[in-house]
Structure formats: structure tokens, C-alpha cells
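These are the structures, in C-alpha cells.
What follows is chain A paired twice: with chain B in the first complex and chain C in the second.
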Partner chain A sequence: MFTYLETASPLHRLNPSMKLLAMSVVALGATFTFDPFIPAMLALALWLTAWLLGRVPLRQMLRWSLPLVSLPIPLMIFTALYTDLSRYPQPHILWQWGPWTLAVEGLWTALGLGLRVTTFLATSLLFIATTDPTDFAMSLAQNLKVPYRFAYGLLVALRFLPLLRREFDIIRMAHRIRGVEEERGMRGWLRRTRRYAVPLLASAIRKSERTALAMDAKAFGAYPDRTYYREMPLRGRDVLFVVAWAGYTALVYALALSLDLARLEWVPQAFFPGLGKAAFLSTIQKIASLMAVLG
Partner chain B sequence: MIYVDDLVVTFPTAPHPAPQGLTLQVEEGETVLLLGPSGCGKSTLAYVLTGLIPHDLHARVAGRVQVRGRDPQRELPGRMAVHVGYLLQDPEASFATLVVEDEVAFGLENLRVPREDMEPRITQALEAVGMAGFRHRRLDTLSGGEAQRVALAALLAMRQPVLILDEPTANLDPQGTREFFQVLAGLRGKHTLLLIEHKVDACLHLVDRVVLLDERGRVLAQGAPRPTLMAHREAALRAGLWLPQDLDPRAAFRVDFRRGFPPLRTDPPAVEMRDVVFGYDATQPLLRNVNLTIPQGDFLAVVGPNGSGKSTLAHVMLGLKRPAQGQVRLFGRDVEGIPARELIRYAGLVFQNPEHQFVTERVWDELAYTLRVHGWEEARLRQRVEYLLERFRLKPYANHNPFRLSQGQKRRLSVGTMLAGGPRLLIFDEPTFGQDRNTAYALMDLMLELNREGVTIVFITHDMRLVRQYARHVLALERGRVVFHGPAEGYVP
Partner chain C sequence: MPERDVGRVVGYALGTGLFALLVYYVAAVVRGPEVEYISWNPVHAAVLTVLGLAAGAAWGSRRALEGWRTVEVVLVANLALVFGLLFLGWAVVWDLAKPLNAILPGLRDAVYGFWFIAAVLGAYIVRKPGAAIATETLAAAAEFLAGGEWGLTLLLSGLVQGGMAELVFALTGYRRFDLPTLMAAGAAAGVGSLVVDYLFWYSDKAPWVLGLMLVFRILSGAILGGWLAKVIGDALHRAGALGAFAIAQEE
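Showing the complex of A and B:
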């Protein structure tokens, strides 16, 4: 998955809370339509920004993104096959076999959905790769007024993840040397999880207790407020970043709608069959025939 | 400065109070070394003085305690931190942030020190511990010794007049330990220091006074370091305390492997490694071109600084980690081809934390587990388990949950479980870590006994004293490379 890249760039210097806000605006912007044009434009802009302003190397972006592109593929296949074509007056049917119909409209919606997921991933990539986790925690407390105990909880959790991973590896070896064979199947998985969970939890609890003692011994929580060594000011450019992304999203929408490249939709009817009787019946029909074929 | 009168602390689950009637006084600017057997309540005293009891930990406290005229039991949570600093054994567990300077700033932020005053205090604190150049480093890239000095700097920045250090060098290698005490020597007189430590040889020269505690945490004797230890040597030994080498009756002890031990055999050797490379990162392998042969019947000490690859070597030896290159043979058999249920017949590994190895919820079942894997019939299995319970003094705890045993009992149980299958090679990863003198030597003698019965022993350690006394051969690692492998007599640390 994505990790923070310790370099210097204009994006690195932005206020993390504002960066988060801007990315939330873009992600939200990708959810009003099922046509590919809008998410494609958003994802493209995100990648370009991460590359040019965030100094995220192209190769790194490819290495992260390629395996993730496969993530929405099953979703896309089913969307393509199950798009409710009754919504279109004259669907362009490409291929038909049994209960399945592949039409241009279905492919279009599938592409739109796939790109929407890609846009979500691109917002995370941009944010995570260019945001120092400590800055983020400090900004949550200072700018968004999240209680500082939670912000530090986040930091400690980040520190603990690799420690727990290491602990897990050790416990696995420790059990193997006891002669424990790795059992296969669901039951084996359950038994294994239970066996690993007890020592892992015991050591996680002990470690976190110690961390809590060390923090409290350094006066953590002695006062309702605290001062900050890393100050996270809100500057004009941070606000500009949010405004720019909101503006760009709006612009993409205006362009798409005026060129008739997209229609505003909250939910595609195929996913919520209750919204249209015909769609509901056709979905039931398809599921029934699918089961008949498989059976 | 510190004033403790008849302190009795009882934890809800503890069988008896510890300490049980501790009276102690520490003057301003004094450096005091607190020595006592494990479980006598040394850490508990630290919790009371810092106010962590009663705010974080629940225990019944009786007696009078004062630090700089204040009663830590009555102060608001966190407010004692202005007066007393507390350094834990494991720096990794004590960090709240990700970067060195943030960690040093953490206490200042909690005390609401203004931003502009932090800068000089952070710089000063890092300089005092010799870590000025590490300011922007990530904490997870530091060595154990560096991390502990950063943890100390985080306290120094807060300028607490009293510092309590609770086994600060337990996780450090000899060099890290030396460096830490060098730094501490520079703080002498500037702070009131209360030091809890087992490594007497490394720190005795910098303390003004030692206080010996008995099993119940009462003062057995106190005074100038050397004369006090000399005068109360017998009592200290009975209590299981580690003594400086010249006062330790075992100082001249050395196992004579020529008498009563089976001869070394290489037909086949217990372990054979050829051109072994191991690492997650190809540019920085954890093991580089390791070639070695451990004969059957050897008693081998594996030494080297933290992070030099000692544990990794043990894991690769037993096929628990697969090398990127090279070949590993256990008693002549390619280790990769040995399934888990057969591996236990060849070799056992006692991990540093015994809890990691427990797979059942009863001591009895724990010892029977391996035998069941082997398919022993019930009557024979019973006999063997009873024998192991007897040998490891665990009989009264047969029905207990392994996780609820004392540290020493857990360690004995984990050794017992490894012996159940009758392995021919046993590896111990820092077996004496955190143990008092009596339990440590009891364990070493047990290893020796097994060796005499023909079991090949490999033990990883930082304790050069044990190497000198017990090792037949020594293998020294540095940055994943073998830099020495030969008879213990020829090894110069």
C-alpha cells in the first residue's frame, strides 16, 4: 500500500488538514456520476499533481497503482453484465448469451465505476505519499481541534504496527519449533488465529501499558491543553489548495454536462433494484438463470 | 529530597506485598544504586515516587512518601513529572512519537513550555547525551543504545531534579551499556539519581551509595558501594544479587570440558552452513556469506552487538527463516526438507520471551503437547510429563495457565517444553536476560547438564562473564559476518 515519502515538495509543505479536506472534496466529486469522463479527469489531475507538485516519482506511482488497478475489475465485469439496459431507449447490444447481455452502455458504466475507484485511490496516494504522519497528527489536534489524546493515539498506533508485525513473525516461528504444523482450511485458520492471538494480545497489551506509563510519567494529560513544538499554521496557500480543487471539480462537471459527456446520478438503478420494478424483475431473472446454469 | 517511611504496597493480584516496609532516604544530588532480587518491589517504588501508582496502576499503598516535600499520592495526575523523571528498561516501548526531536519535545509540550523556549532545551538535552547529530532521525532507525540515550534526553529536557532509572541498560549490548553509563556519569551531582540495575560492574564506580534490599523489599544494608557489598556478600548472594566480578565466588569458575563430557563429533556435524546469505533488503543483508560447522556435543556461545544477526542466525539454522542463498544442514539433513513435526526431534529453540512459545492453556498440556505431536502412547507420555514437571520444579503448577506463572517459572517451562521431544540440539536466545544471579546460574548449570548428556548447546548472550565461564567455543558476529569462531580460550572480546 501507499507509504509516506520523505522528500521536500510544495505538497509536503501544505497543511495536512487542508490537504485532507481538498482530497475529500475530490473524492466526493467522483460520486455524482457513473460516466467515465469526470472521474478520468479527476484521477488524471491527481496523478499529475502528485508527480509535479508532490515529487512522487512516476515509477513509484506505477508500482503502487498497477496492482490496485486490478481491484475494481470484478466490480467492472459484473457492472458491465448487469447494467439495467431498460433505462436506455436504444441500447447498443454487442453480444448476448443466455441471460447475459453486453452493451456499450454497460461497458460505459463499468468504466465509470472503475475510474471512480481509481480516483479514490489517487486521492489516498496523493495524501499519504506527501504527508508526514507526525504533521498530520499535530494538524488534527491544532487545526481540526481533535482532542490531543486521540491525535497521539494515532501516532502510537502507527509506531506499534511494525512492532506487532515483527512480534507476529516471532510467535509463528516459536510455534513452528514446538512442532505445530500449519493446518489448512477454514478450521485450521481459526485454530491458528486463536493460538497466535493469545500471546500476540498479551504482548501488545503489555507494550501499550508500558508506553502509557512512559507517557504519563512525562506529564501527558496533566493539563487540558498543551503547547506544540511543531506548529501547523493555516496559510493562504492551504486555503488556495482546497479552493483550487473544488474549482477544478466544478469545472470538470460544467464541461462534462455542457458537452453531454455525463449525467448527474446518485445511484445507478441496477444496484438498487427496488427503485424500478422492471430492473428488479430482470435482476431476479438473471440471478435465477445464473443459478440454473451453474447448477 | 526523597523520603520513604515504612512503605507497603499491595497489588490486587499479588500473593504478598512488595515492598513490605521499605524505609529509605536520598539526599539532594546523591546517586544511589538500588539492588534487590526480582519481585522485591524496586519498580513498584519507582511507580509510587512518580505517582503512577495510584493514577495509572491500582495498588494499596501504606506508609509515608515524600519527594521534594510533596506527596506523590496526593498530587494531580501528571503533576509529579515536574519533579521526578522515570526511565524505563525498553526505550522502544517508551516512545510516543516517531522522530528524535519530537520525542525530546514531548514532555515540554505536556508541561506547556512556550514554543520559543523548547529549541534551546532540546539542543542542550541532545548534546548532554551525545546525540546532537541525530535530531531529525526517525526513532525506529536508532540502535538500542542510541534509543535509550534519546529517551534519557527526553527527561533531561524537562529538567526534573530527580531521575529514576529502572534497569536502563537491560536491553543494551556491552558497548551501548558503557556509553550509557558514560553519559550518566556526566549527570552525577546535577540530578538526584536513583538507579535500579543488575550490571554492577558497569555502574558501581559512578554511585555514591548502594542500598541492598531483601526479598520483601526491606533495606538489608546500605552505604559506600564496595565496603557495603563486601560486608554483606553472603546475604547478597543468598538474595540472588549479581555482585562485581572480584566479589563473586564464581569469578574464577570455568567448566572443564575435558572431563565428563562427550567428545565432539562431526559425523555429521550438528549444524553446517555453507555460503548463507539472508536479508529482506538485498543491499543490506542480515547475514553475509556465513560458513560454519558446529560439531555435535559443542557448547557454543554466540556473541556480537545488537543487530549483528545473532537471532537471525539461529532462525536460519533451524529453517525457520529461509536464506536467500546457501545451504543449511542439520545433522546432515537439508533443513528445508524437514517438516515441523520432525524438526522438534532434531532441535529446539528457547526464545527470549517464553510466552511466545506457549500453545496451550495448562502447564501439563504444554509439556505434553510435543509428545502428542510425536504420537506417544498415553501411559508413557504421562510418565515423561511427570518427570519434566519434577525436573523443572513445576509440579505444584501443573494445572496453572502458563501465562500466569512467574518469570522464572515461565522460563523453566519453556525449556521443559523444548526438552519434551528429546532434541539433540538446543539453542537459547539470551537465556539469562533479566534473571537474577541464582536463576541465571541454575539455568546455565542445567544447560551444562544437558550438554553432558550429549545435547549440543548454542546460546546467544551479551554476558561476557557467562561466555568465559561456560562456553567451549565462541562465535562472534558483526554486521552479519562471522568475525571469530574458535575455542573460547582464544576469544578476546
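Showing the complex of A and C:
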């Protein structure tokens, strides 16, 4: 879906591990609330940052915005229909049929959850579009102290990706030349998958063996530490990037609290007495009265 | 198999799991009257315990990874990449299965188990401490890098699903890799997956819905995660592709 764009931008020059950390902070920030306001503000900022600071072309950003909006829809439908309404003293029910109940509370929660998915997707978009996979693997080993044999293993696997596609084509041609027909329909799809899966995996495994042998022959992994061709230093701007996102997330929370738009579920409410459900209920009340005026 | 590695995985897992439970018990029950906002909730107790178990298993298997051969590292990374991409494709099945929830909420989770197959297959082939957790976490990382729908939460899902599967293999001392063990590992990963999804998505759901989801995830994990991993692993073994790995030294 999202792919790395090989351009130069301030985001491209950041340390990948710190970028990942900053994105984790934002993603974590989106998980503490069931209200749409906070995730909407976070997703908007991510979108703008990827576009302006990441130099992703606007056309590409618009194309990638489609999954940002459409992928959360199934979760939203599920949430809207199965919210635990027994938690609310007087749910505002809009529609009821059999086991399904649609209430304002459920819809509002669904919108919040949907925007949470959008925020997660936007963090992926920003990270993937502006991070060279090789830099990322090197940074994992150098900055996050992932055992370097695994970081390199990941890199080897990423390099195999285009080969895998070619291998798939070869297997398909080999089948065709032997007169195996491409079947249609659900059953045909299932049989095809079975026919391709084992040769494809087997060839990936054989390639792993040969590569590992070559790596061993060059004494890869012989020492606990190693030196790197690409150094991934931590600079002031990397720290600034993390601090800026943490600060923005805190700011959004402060704004949401002052606007009564933060229904905090996971922060121990002992620290913030009077927050949470009361604010949520008053929001629902406002929406319901607005709907009554409109309807 | 060095006994120390086994002991470390099991010890850390049980230690952190029980510690998490104890902390929650103290906060919610012993200090109950003063801390009025935290009250004992069996769902939260279970969630914290499972998270503790998985985190402990992950931490405990870290050291064992250093003893791997290069060929095992590369194999696990490659398996993870292939399955990471398949996991990305499985999101389509997950979307198509959405109407199943109209029949019975949680029935959709019957297709969830395929997402644990990397953990079980990796452990089935390599048979070393850390295999389940490394394969599943790397597969989740590959899925995230390829643009998976659930973003960074995938990394936590992979870690907890892999950690729970790892715990099952550790409890057998990494000696048993028969069908019941593989199915138990898949089922355990199913429990772990629901815990993470509860934290991120489903904490608003009614308890009976969560219960149904748990049942379907356990069944699905055992079949699509455990049984299918054995089918694929055995097929690869028969094809002669696994000569360099522990699975070939079985007989």
C-alpha cells in the first residue's frame, strides 16, 4: 500500500529509530481516548507533516488518503452495532432490530475508533514513505540494540522480495508448460494456492540456506560486535522530532480536555477526577439535541 | 537444548505474569476503598496477566537468540517476510468475513487464526527457544513495513501472539512438536491476540461478545494457526527443503 519514496526531505534525513519512536508516541496517544477529536487532530498533523516536511507529492498523498478513510469502515460498523450500551444510564437509541441496536453513543465511539485506525495508518504512511529500509535495519542494530544478525536477516529478506515475485512467475510458467490449467472460482483459487505455496516456500528456504552459507563463509556473526558502513548517529534534530510530537500530542490532549472532548478510558481516572464519562455524556447530549433540532 | 534457556523463558513469563496480577490485585482489592477509581475487573486482571506472560516470554528468550546458527536466522527472516505479506493479504479475508458477525458476534474471529501461523511454523521448523516469538514479531514488522492496516499496533500484536505461542513450546521444554502441542500454541496465540485487540479496539464491547470472540479465536488459532502450520511444515519437509533444520533430525 504505502511505499518508500526515494527523495530528499527533512524527514528522510532523520534517524529511523527515533522516527519510529516519535510515531509510537503519536500512536500511543491515539489509544487513550474514545472521542473522535484527539485522533482527528493527530491524523491531520501527520498528514500535513508527511506532505510538507516529507515532500510526498500532493497527488500521492491524495491517492494514499483513500485507504486512510476506507479501511476503518468495517471496524466502525462492528463497533456501532455492538457497543456495550449497559454502561450508559440512558442510551439515545436511533434504531433497533433483533440483536442490533444503533445508538448515538455507539456511533460516536465508532467514529473515534475509526479515526484511531486512520491515525495508525497515517503514522505508517509517514514512516514508510520517508524511511529507506536499509537505513532502518542498520538503525535497529545500532540504535535499538536489536541483535545485529537479526537486523541483517531482515535486510536479506527485504532484498529477496523482488526475487520472490520472479520465482512465483517461474513456478506459474513451469505449471503452464506442463499443461496444468488455471482453474477459476473459489475451489480453483484454493487449489492454486496449495500448488504454489510449497514450491514458493521451498525455494525461499533454499535461497536462505545458500545465502547463510555465503554469510558464514565471510565470517558473518563471528564476533559479538561489528562495525558499519552506514553509521546511524543520533543528532539533536532527531530528539527534537520526538519531543515535538510528544509536545503536540500533549497539546491536543490539553485542548480536548478544555473543550470537553476527551473521554479518557485508560488513564487512571484518579489523576483526573471529573473527567471522562461525564464529558462524554454531555457531548452525546449535545449531539442528540442537535439531531432533535435537525430531525 | 540448554536447560537454562528453557528455564529462563518459563521463569520470566510466569514471573512477570504473576507479578502483573499481584500488582493489579493490590491496587484494586487490597487498597480498594482509598483508590475508588480502580475496582476489581476480572477481564482487566486476565488482560494484565496475559500481557505479563507474553512480555516475560519475550524477554526470557532474548538471550537464547544469540546461540542461533546463521542459516536459522536467515530462514526465520525469510519465512517472516513471506508470511508478513500473506498476513497483509489476509486482511482482505478478514474484511470479507465481516458479515459473519451478523450471524453471531465474534464468528468472524474464526478466520483470525491464520495470523498466528508464522509463530507456530517457525518454532516447528527451527525448534529453538525464541523461534516462535522471533518469527511472529518479524512477520508483524514486515506486515507493518508493507503498509498493514493496523500500523504500529502490529508490532505489539506480533510480540504478544508470538510470546504466548513461545510459552507453550517452553512449557514442553522444546521437546514436543506433535500436533496437540502445535494446536495448543496456536490457541495460546489466540488468547494473546484478543488481549491486545481488547486494549486497542474492543474495550467497549459487551462481555458476552468478548467471550464468544475468545472461543472462536482459540478454535481458529488451533486450526488455522496450529494444524495448518503442521501441514505446511510437513509438506516442506517431504519436499526435502528442510534438511538443514531441526525438523529433519526428528527420526
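Here, the second predicted complex is superposed on the first by the 228 of 295 C-alpha atoms of A that agree within 3 Å, B and C clash if a C-alpha of one lies under 4 Å from a C-alpha of the other, contacts with A are read in each partner's own complex, and residues count from 1 in each chain.
FYI, contacts are C-beta pairs under 8 Å (C-beta built on N, C-alpha and C of every residue); 3 or more make two chains touch, one makes a residue touch a chain.
Everything numeric here is computed off the predicted structure, so don't read it as measured data.
**Q** So, A:Ala174: does it touch chain B (first), chain C (second), both, or neither?
**A** Once the two structures are laid over each other on A, A:Ala174 reaches chain B alone.
**Q** Of the partners chain B and chain C, which touch A:Phe2 in the superposed model: first, second, both, neither?
**A** It touches chain C, and chain B stays clear.
**Q** First (chain B), second (chain C), both or neither: which does A:Ala27 touch?
**A** A:Ala27 sits against chain C, while chain B stays out of touch.
**Q** In the superposed arrangement, does A:Arg195 touch chain B (first), chain C (second), both or neither?
**A** After superposing on A, A:Arg195 lies in contact with chain B but is clear of chain C.
**Q** Per the contact definition in the header, classify A:Thr109: touching chain B only (first), chain C only (second), both, or neither.
**A** A:Thr109: touches chain C, not chain B.
**Q** Is A:Thr134 in contact with chain B, with chain C, with both, or with neither (first, second, both, neither)?
**A** first
**Q** May I ask you to decide whether A:Asp260 touches chain B, chain C, both, or neither, giving the answer as first, second, both or neither?
**A** neither
**Q** Mind telling me which of the two, chain B or chain C, contacts the most residues of chain A?
**A** C
**Q** Of the two partner chains, chain B (first) and chain C (second), which one does A:Tyr229 touch, if any: first, second, both, or neither?
**A** The first partner, chain B, only.
**Q** Using the touch definition from the top, say if A:Ala217 reaches chain B (first), chain C (second), both or neither.
**A** first
**Q** Where on chain A do the contacts from chain B and from chain C line up?
**A** 133, 156, 158, 198-199, 202, 207, 211-213, 215-216, 220-221
**Q** Where on chain A is chain B touching in the complex?
**A** Residues 133-134, 152, 155-156, 158-159, 162-163, 170-171, 173-182, 195, 198-199, 202-203, 207, 210-223, 225-231.
**Q** Help me check something: in the complex, which residues belonging to chain B touch chain A?
**A** 47, 50, 52, 55-57, 76-79, 81-82, 84-86, 88, 90, 92-99, 101-102, 105-115, 118, 122, 139-140, 154-155, 158, 315, 318, 320-321, 339-341, 343-344, 347-349, 351, 353, 355-359, 369-370, 373-374, 403, 417-418, 421
**Q** Help me check something: in the complex, which residues belonging to chain C touch chain A?
**A** Per the stated touch rule, the residues are 35-38, 65-66, 68-71, 73-82, 94-95, 98, 101, 105, 134, 138, 141-142, 144-153, 199-201, 203-207, 209, 232, 235-236, 239, 241-242, 244.
**Q** Quick check: in the complex, which residue numbers of chain A touch chain C?
**A** Going through chain A, the ones touching chain C are 1-3, 20, 23-24, 27, 31, 34, 67, 71, 74-75, 77-79, 82-84, 86, 99, 109, 113, 116-117, 119-121, 123-125, 128, 133, 136, 147, 149-150, 153-154, 156-158, 160-161, 164, 197-202, 204-209, 211-213, 215-216, 220-221, 265-266, 268-270, 273.
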